[in-house]
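Structures are listed in the sections that come next.
In the two complexes below, subunit A is the common chain; its partner is subunit B in one and subunit C in the other.
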Partner chain A sequence: MTEWIDIVAMDWTMRVVLSTVSALGAAAGAVGTFVLLRRRALLGDVMSHAALPGVAGAFLICAALGEGRVMWALAVGAAISALSGAWLVSAIRRHTRLKDDAAMAIVLGCGYGLGVVILSIVQSLPTGSQAGLTSVLLGRVASMTTVDLWSVCAGAVVVGILCILLFKEWRLLCFDESFAMSIGYPVKRLDALLMLSLCIIIVVGMQAAGLLVVVAFLIVPAAAARACTARAGGMLIIASSLGALSGAVGSAASAAAPDLPAGALCVIVAAGFFTLAVMFGPAEGAVWRMIRRARLESRVRSQHLLRALFEVGGGDANAPVAIARLMQRRSWSGPALDRLIRRAQRRKLVTSHAGAIQLTPRGLTEARRVVRNHRLWELYLVRFADIAPSHVDRDADQIEHILPEPLVAQLIIELDGDDSESFSARPVPASIHPIERGST
Partner chain B sequence: MRPLSFEVDGWIILVGALAGAACAVPGSWLLVRGRLMAGDAVTHAVLPGIAGAFLMTGSRDPMVMLIGAAISGVACLLLAVLLERTLRVDKGAALGTAFTVFFAVGLVLIVRGADRVDLDPSCVLYGALELTPVDRVDWFGMDLPRALPILTTTLVACALASFLFFKELRLAAFDPAFANAIGARPLVMDLLLAALVALVSVAAFESVGSILVVALLAALPAAARMLTNRMGWILVIGPLLGAVAAVIGHASAILIPPLVSATATDTSSAGAIAVASGAIFAVCVALGPEDGLLPKLARQSRLRLRIAREEALAQLWRARERETPLEVASLLTLMDQSALRRRTSRGALRMLRTENHVSCDDGIHLALTPTGAVAASQIIRSHRLWESFLASRADIRPDHVHTTATLLEHVTTPELAIRLADEAASTTDPHGHSIPRAENPTQD
Partner chain C sequence: MTLIHGTESSLPGLEHASDAAICVHDLTVAYDGRPVLWDIDLDFPTGSFAGVIGPNGAGKSTLLKAILGQVPTTSGRVLVHGASFESQRRLIGYVPQRESVDWDFPVRAVDVVAMGAYARLGWCRSVSREVIDEATHMLARVGMESFALRQIGRLSGGQQQRIFLARALMQRARVYLLDEPFASVDAATEQVILEVLHQLRQDGATIIAVHHDLATAAHAFDWCVLLNMRVVAAGPTPTTLTNANLAKTYGGRLTILSEAADALRAAARRGDS
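Right, the complex of A and B next:
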């Protein structure tokens, strides 16, 4: 363990790799946020595949000029062809009836095919054997150099400054493009700048860490951040932190397992963060949503039980009700009803004697409240929405659980014209339709 | 350039054409379902299935790898659907997250297995179309390239599924909400589609590489979509275009590299077929009958010319009413005000003079000939009928009706003119000009 920490902290290559991938993750997370909010998450994937013909073409030109592998020329080629890819996607979308994803898939597939064609020409040239351009696709994180570090850092700084300076404009572009246009924002230029930032990340990232890492870092941290917050500013911060963290943890992990591909490890770490975020994220976390939902369902079921007891038990007379009669009230299964009764007993809402259930005073108060909500809503629907009395039960059945107190008070005023005494003390209004099933 | 031989190039083209046809069928459904990027995801996601199948069974039997690949391909799409529907992740991000993770896991698995066998990831990415004729198999007593029976079976399976579930797939693609409402289970159709995509990706990438699969899945059906509006025809034209792409692609892979460099031998046929399918798509976008760019441009310029011609006739009629003959230059200035381009206006004037509707005896002043006057009177008639209709029936102020009438006069059919004339209260327009009589006897 300490040995591993030593490697991470002391080894020069390791430090270069760690800082490069972290910087890339932070910048990609920031740009990815806007791209995701603009609903174009896969554009990064398309552009990075479309960059290949540019890389290969630049190499072909360099080879023709007898220069060999000139890094800046490859970068320029990649940038031009990635941007052309983005332009082609939007041109196809504008001029044909095809949808977004068709345009993206065509540009991605055909662009990459063109890249493969040029690459295999390059490799058949006498100078081509040194190309080794497949590393661009699968990444060569382990053999990163300081040149990669500086180019990634420069790209990250440029993109970071753009994200901060244009935050307000890009946010508006993402959420309401037509409004941005109507108040005079240069929407096309803003969009072009966003594409340019995306392109910068792709070009510097592809050379340093490979296509897979770039594509994943552009999508995954931003998607994770979306589950954590609904605010664009918060997303920006969370996405770039998660990107940086995934890069750092992933490359540190590759020090522990040097034979595994570092890029793939970074992606898997990012996916781990993503899983945590979609499960436990404060904004959209699935776990919280499930808990909220389960709570609501349990409350609804318990209120159904109380109302059934109140209605079958003769209202305020509160007679004990046999379970067999309760069963007929609703389509609940025997075991489910048993569980419901046991839970209500624990909460001291009902008591059970020899197969008959009775409301406690506390249960009676709650039952009166629910039944009042139900019947007031029925009355309201009949009187103001002109719905037949035989049709209102279902609507009221759904709304009785969520009527807020002020609304109930207002319903009483509207329906009775009187709010002189506290409504919990007054009798529950009579039902406007027969209560027992089958007695209509 | 090497000499062509049927034994090599014939098989390569046949395999490429079959791959194209097999991809185009599920690709067509993905296209109308709006999920073509799922093809990209599946081609990446098959990697862990292949590596995992090898690590678990230790065999390099292609069937085992095919099954592993199909399972992980469908699993990736299911994960994307789960992320999108249940966990509320953005559609694109869900797909992107799912396939990058699958691909990363696949890379790790391949490295884990690398000490036992060489699974070359670049072979998965690029395919080895050139090597297909070498890899032979005995199929019902015939000595064929191994890719051939695999792709033929896949194509038949896809075509059969499309044929049997045509109605259901079409409904699920075009109106999933309605399909759901009538109990046609669009989700089951989505799963069927995912299985078909995984099947063709796996069957095709072995011979042609996963990138070609993405290009063929997307470009061929999209090209067919440019040529027709009917789903059935897309399913027929797409595969046929696949064969065209295979021929063009392989031929250019052999013919073009020697032009670039004397030492270059032929390039990747798989890549060239991908580019060829993209080129076919571009041609179809340009020439498609209904909304192809060139036919659209031609239609638009014909319409512009017709409107310019009618505008010129109308201005000449008004000049005659004022009894001040128009010069060419001032007519062009008047037409500028109707936002017509100078080039179009001049073209319209040339057309009018060859039609002998307009004469220009002294070379400066223009005059309507008798036939020109008839044509012009009908345009003015529909203009002024519209003006009086708009003023009397649509309650628009008389000084506001001219602009609207200028637009409507060009699209008024004789039948509509008759009804307008019935509505018109008087023989003059709101400005007091008289409305010319109908010249065509059917309009009386």
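Right, the complex of A and C next:
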């Protein structure tokens, strides 16, 4: 363990790798936020794969000239190729009947294929041994240099400044392009700047960390951030932080497992953050939703029991009701009803004596409220929605548990206007259908 | 149309064309080679509350987009208060169709309203406290102040429409273009929108709304344009919204126009390939 910390903290290469990948993650998370909000999530993927032939072509030219790996040449090749890919997507969409998804799939697949073919040609050349496909896909983390670090940092700074300066403009572009045009925003140029930022990240990122990392960092942190916040500014900050954190944790983990590719580890860490965000995100985490639903269901079951006791026990008379009679009211199974009763007892809503159940004063109050909501809703359906009285019980059965108080007040106002007698004066209206009709 | 000198007539329709808030001249728009608007000549008098009415596919939204310069036009020009649209852009307030945006977008209601001030904020400047305060005030004008901090997806359709109206109010415009502002909104929202629009008109603004519901058109607008690929009729509501004109707008007399448009598209396609 201490040995591992030593490697992460002290090892020069390790420090370079960690800083490079983190800077890339932060910048990719930021620009990815806008790309995601502009609903172009796939475009980063397409441009990255379309950059491959450019990288490979630049290798080929360098090799032909007897040079090795020339950074700036590869960058230029990648940029031209990636932007051509983006242009090709829109050209295919304009001139054929194909839609966005098909156009993107075509460019992605063909770009990758072409890139792989050229790369294998380069590798057969005497000076082309560095042009391995693996290094393009997974980065050259082991041989990462300060040149990589500086190029990624420069790209990240440029893109980061653009994201901050143009936050307001890009957010409007993503949200409502038509309105942005109407107030005179140069929509095409703003869009081009966003594409350019995307391109910068792809070019610097691909050389250092590989295609896989770039593609994942452009989308996954932004998607995770969306699950955590309902504001674009918050999304930008969270996506950047998650991107940087994924890079840092992933490359630190690779120190513990030197045989595993660091880039792939970063991607897995980002995926982990995404999963956590989707499960536990404060805005709409799946876990919280499940808990809320379970709570609602439990409340509904308990309110069904109270209403059954109220109706069978003769309303305010509140006579004890035998469990056997309760069983006839609803399609309860014996054990389920037992559980319900025990829970209601714990919450001091009912008492149980010799096989008969009775509402406590607290239970009676709650039961009265539920029955009142149920019957008000039934009355409303019959009078205003023209639904037959024999049909309303089941509809009201759903709604009585979730009617908010303001809506109940509004119901009463509408019903009062339709009736000589005031419903506010009549706490629990009489049922409009026979109650002992059996289970609902 | 002659204006008798000396009379103080403010009846819409008697103004001279140079008084028009929006003047559309000989406008033709084609999508994919298929004309959707033919030779449109229109004057919207200053201070009118105009409804653009017509069946589905009549080109109502396209007309608004053409006025805004958002669709390529085959011919024609648009003047706003006597000058080109480009130079008068600041005078325009715009409410797009509600369906045109993704309401899951992570912004709050007040942020969307503040977007109405972006044109005068300048580039790269962040949204100031004053703008947010003004946006909150505009939200109050449409009865939405208590929803200022809510994410827009958690609002009802009518509330979303009111947010869009509040954003247009932020633009402090003199001509408001609204695309279906009353489409599938609740009665309360319709009332609020009408009140706000009438208030704007009293302050001297011109309102132009694309509208689909004939039942409410008669009492909502004082100026009507009946549109079905071309202008069937335009003028003050009482003399324009007649049964004869409606029959021409909604009736089947346009089949030839529409078939000709299809033929033009087919020709354009052949020319393409």
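Going forward, the second predicted complex is superposed on the first by the 392 of 440 C-alpha atoms of A that agree within 3 Å, B and C clash if a C-alpha of one lies under 4 Å from a C-alpha of the other, contacts with A are read in each partner's own complex, and residues count from 1 in each chain.
Quick note on the criterion: a residue touches a chain if its C-beta (ideal position, glycine included) is under 8 Å from a C-beta of that chain, and two chains touch if they have at least 3 such contacts.
Computed from a predicted model, the values in this text were never measured in an experiment.
For the composite obtained by overlaying on subunit A, subunit B and subunit C cannot both be accommodated without a clash. When the shared chain is aligned, subunit C comes close enough to touch A:166, but subunit B does not. When both complexes are overlaid on chain A, the residue A:121 reaches subunit B alone and has no touch with subunit C. In the superposed model, A:226 lies in contact with both subunit B and subunit C. By the touch criterion defined above, A:110 reaches subunit B but does not reach subunit C. Shared-chain residue A:178: touches subunit C; no touch with subunit B. Residue contacts after overlaying the shared chain place A:212 against subunit B, while subunit C stays out of touching range. When the two complexes are overlaid on their common chain A, residue A:39 makes contact with subunit B and with subunit C alike.
Legend: residue contacts after superposition of the two complexes on their common chain; A:259 is shown touching subunit B, with no touch to subunit C. Counting the residues of subunit A touched by each of subunit B and subunit C gives the higher count for B. The intersection of subunit A residues touching subunit B with those touching subunit C, taken from the two complexes, comprises 39, 226. Partner subunit A is touched in their complex by these residues of subunit C: 65, 68-70, 89, 92, 94, 96, 100-102, 105-108, 111-112, 115, 118-119, 121, 123-127, 151, 153, 167, 171. The touching residues of subunit A, counted against subunit B in their complex, run 36, 39-42, 44-45, 49, 60, 64, 92, 95-102, 104-106, 108-121, 124-126, 134, 137-138, 212, 215-216, 218-220, 222-223, 226-227, 259-261, 263-265, 267-268, 271, 274, 278, 284, 286. For subunit B in complex with subunit A, the touching residues are 31, 34-37, 39-40, 83, 86-97, 100-101, 103-105, 107-108, 111-112, 121-122, 125-126, 209, 211-219, 222, 225-226, 253, 257, 260-261, 263-265, 267-268, 270-275, 277-278, 281, 285, 291, 293.
Note for the complex: subunit A touches subunit C at residues 37, 39, 165-169, 171-172, 174-176, 178-179, 181-185, 226, 229-232, 234-235.
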